[in-house]
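In the two assemblies presented below, chain A is common to both, partnered first by chain B and then by chain C.
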Partner chain A sequence: MNLFLNQISAIVWKDFVTELKTRELFSAMFVFALLVILIFIFSVNLSVVKASEVGPGILWVAFLFSGTIGLNRSFMLEKENGCLMGLMLVPADRTAIYFGKLISNFVFLSIMELFILPLFMIFFNIDLLGHLLPLLLVIFLGTLGFCALGTLLSSLASNLKTREIMLPILLYPLLVPIVIGVVRMTGQILTGEPLSEMMNWIGLTASFDIIYIGVSIMTIDHILEE
Partner chain B sequence: MSSDEIEENEEEGNILVWLTGLAFLAAMIAIFIYVPTEKTEGVVQRIMYFHIPCAWLSFFAFFVVFICSILFLWKKDREWDIYSQASAEIGVIFCSLVLITGPIWARPIWGAWWVWDARLTSTLILWLIYVSYLMLRAQSDAGSMRARYAAVLGIVGFLDIPLIHFSVLWWRAFHPQPKVITSEGIGKGMDPTMLVTLGISLCAFTLLYFLFMGVRVRQEKLKDEIDRLKREKIYSS
Partner chain C sequence: MVDNHNPSDSAIEVRGLRKEFGVLKAVDGISFDLKRGEFLSVFGPNGAGKTTLIKILAGLTRPSSGTARVAGYEVEEGQSEMRREIGVISHSTALYADLTPMENLIFFGKMYGLERPQESALSVLEDVGLAPRRNDRVRTFSRGMVQRLSIARAILHDPSILFLDEPFTGLDIHASNVLKEHLQSLHNKKRTILMTTHDVSCGLEMCDKVALQVMGRFAFFKDVKEFSKESFETMYFDAVRDNQFTMGIRNR
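And now, the complex of A and B:
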């Protein structure tokens, strides 16, 4: 067990060192998320629609779109110079590779989201501070589900000819339950409803997370196989 | 596959062709002659006898994809890969038919081509998932990699169906309840003649599924055989 955790942390550490050195992924994700929010602000008339009604949807679209950039990078980076082959030659379990990638994707996306949230507050003139804790829980559940399925499909798409195109096409229809769930929950939180009002949605997103982490553990061996 | 086996399969296929033909003849007679026209909806309601079997068939086909994907990852036998591919193709065709016949039926009855009702939405998402499945297959070259990836997606996609169902159901629950599906007659029980007609139609479509499966699987196996022979000939001459 200890060895397994060491292997995972080694992969996460490697991703962080690469990112700290190149700094290309994080800035790209952040600027892209900002652009998505900006474009959506232009496309809806905020003086007519209530910000708390369209806000959650726009926020999550920005998260998911820029998260897709991160996912695309995560295994593409390994394809260059045959790093993925090196990773697979390591006498480690394939699930360690999956969890390492899952954690680094999750952490990158979470940091990006924490930077976006204050800007979202300012742009939409919504006060998030009052219900920060439930909001963070929802963001945690949503981001985890997105990364759990996204990491699996990104490892799969990285071997295809048209990887950047195929990943969103494969990923987005499968993400529908989680998108509906988190947008609905974020909307309810912004109107001040307590978490106990939306237990069904929490259950749904949590079971999405659990199901797809489980499926990934079972199937990753078949994807990372040469 | 030997040539004897192919011939034998062809004979079985012939029986299935006749059976399916007869079943469809019976279904046509039942739909257009036997069953009386529905009182409130009129003649357009007869599209139900195509709409529901198509929906049933696409769900059944996707379930077969799921089972065959699991069996493929377990046994690593090309046979299961062929089955899941054939079944996914048939499923997508019939899912498209559901999405086409649905609006045709909805337009005169609900007054709109499309409403964001739970069932419609989940069928559309289902269609998208399996179209992306077929795209994944088209994107990668034939071989073990394509089969493995497709199998993973076949499993992931099917497991998503219950989640999609509930999320879409609750998504709509916050809006005025759509009265359309309940008043359409499915909930309040149907006339026995309608049930019989629907039953015949379901049988006919299920037979059609097996007929299509047989043809598609045979086609794929012959393709493999041709590839094998080609390789042999290249090196022997």
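And now, the complex of A and C:
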């Protein structure tokens, strides 16, 4: 068990050291998310539609699409020079490799989201500070589900020559329940509804988070093969 | 190192191993035994299935049929324990290009569960002569330096069995002498070694057993003392020439 946790933290540590040196992942994700928000700002007339109505959709498009860039990049790092083969050779449970990658994907995407949120607030002129905690909870649930499924599918797609295309094709349809849930909740939060009003949505997203992680634990042994 | 898992003294036991890619038989019925501490050199033309054989033995690819025991463990089961016992040098370096040698080795050391990854990393880096460059990015290294570092990665956890797939590729004379000395000392320390190579004199010099793999089969498997270097050379070159010929037919 101890070794298991050490292996997970070693993978996270390795991804962080790499990212601190290259900053490639963060900058690619951040610039993309920022671009999405800017494009919508100029195409939506905010004096006609309410920001709290279009905002949630735009915010999650920015998060999920830039997250996909991150997932692709993160597994490319493992495929380059056959590093994945090196990982297959160590006496690690495949789930340790999965959780290591899941955690680093999750943390990178969350950091990027924390940088995007204030910009979103300024551009759309929405006051998020009043409902920051519920909003963060919803973002946590959505990001976790996205990364749980995304990490599994990007390791599945990493053996295919068409992985950049296959990942979104597989990922987005399966993410639909979570996306609907988090977009609805974000909208309700922005209009000032309390969390207690949306317990069913929270339950739905949390269950899908658990389902995605559970399915990954069950299947990763068969998926991660050199 | 005594292994209580398997009483026999075989490090590698292979029985009727086959691996097919569609109609292509990359490994086509190989059986052999290698005792603990023995050094086997596998020669063979390109495409003979040497890399595939190593991948199966290292648990990276599943065989289509047949069995293999490595360090007393069935290759398909008991994977984690088996992997602790083996080190692999293959065509791909399995190194993170944006990290330094130290960071790479500390990472793998942690993955192997070593007590002191830092010290183990430094000590193997000294072994392969990369200690002065330990804090440079691997991306800036030459092919030979990368090769030395992948050797360091393979021996980091002091495995009892080593699989080396053409380890001399890309090394300069000095580095290949260093590697030779290193293999010699591992051999003296009773590590089991299976190496593929195209360098006849070097391969024959160090090993106990010699195999010639042609079209997925061992056409020849003998103790090195049982034949002369010249006769083997003739046979090897004939096999390579015939292979060119048959490959020509196959491609048509």
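Definition applied: the second predicted complex is superposed on the first by the 225 of 226 C-alpha atoms of A that agree within 3 Å, B and C clash if a C-alpha of one lies under 4 Å from a C-alpha of the other, contacts with A are read in each partner's own complex, and residues count from 1 in each chain.
Note that in this section contacts are C-beta pairs under 8 Å (C-beta built on N, C-alpha and C of every residue); 3 or more make two chains touch, one makes a residue touch a chain.
Just so we're clear, the structure is a prediction, and the values are computed from it rather than from any experiment.
In the superposed model, A:P91 makes contact with chain C only, not with chain B.
With both structures placed on the common chain, the touch criterion links A:G82 to chain C but leaves chain B unconnected. Shared-chain residue A:K14: touches chain C; no touch with chain B. In the superposition on chain A, A:N6 contacts chain C only, with no contact to chain B. Within the superposed three-chain model, A:T22 lies in touch with chain C and out of touch with chain B [touch as defined at top]. By the touch criterion stated above, A:G192 is placed in contact with neither chain B nor chain C. For the contact definition in use here, the residues of chain A common to its chain B contact set and its chain C contact set are 225. Residues 3, 6-7, 9-11, 13-14, 17-18, 21-22, 77, 80-83, 85-93, 225-226 of chain A touch chain C in their complex.
For chain A in complex with chain B, the touching residues are 149, 152-153, 156, 159-162, 166, 169-170, 173-174, 176-178, 180-181, 184, 200-201, 204, 207-208, 211-212, 215, 219, 222-223, 225. Residues 73, 125, 128-129, 132, 135-136, 139-140, 145, 148-149, 151-153, 155-157, 159-160, 163-164, 166-168, 170-171, 174 of chain B are the ones that touch chain A when the two sit in their complex. Within the complex formed with chain A, the residues of chain C that make contact are 55, 58-61, 79-81, 83-84, 86, 88, 90-99, 103, 107-108, 110-113, 137, 153.
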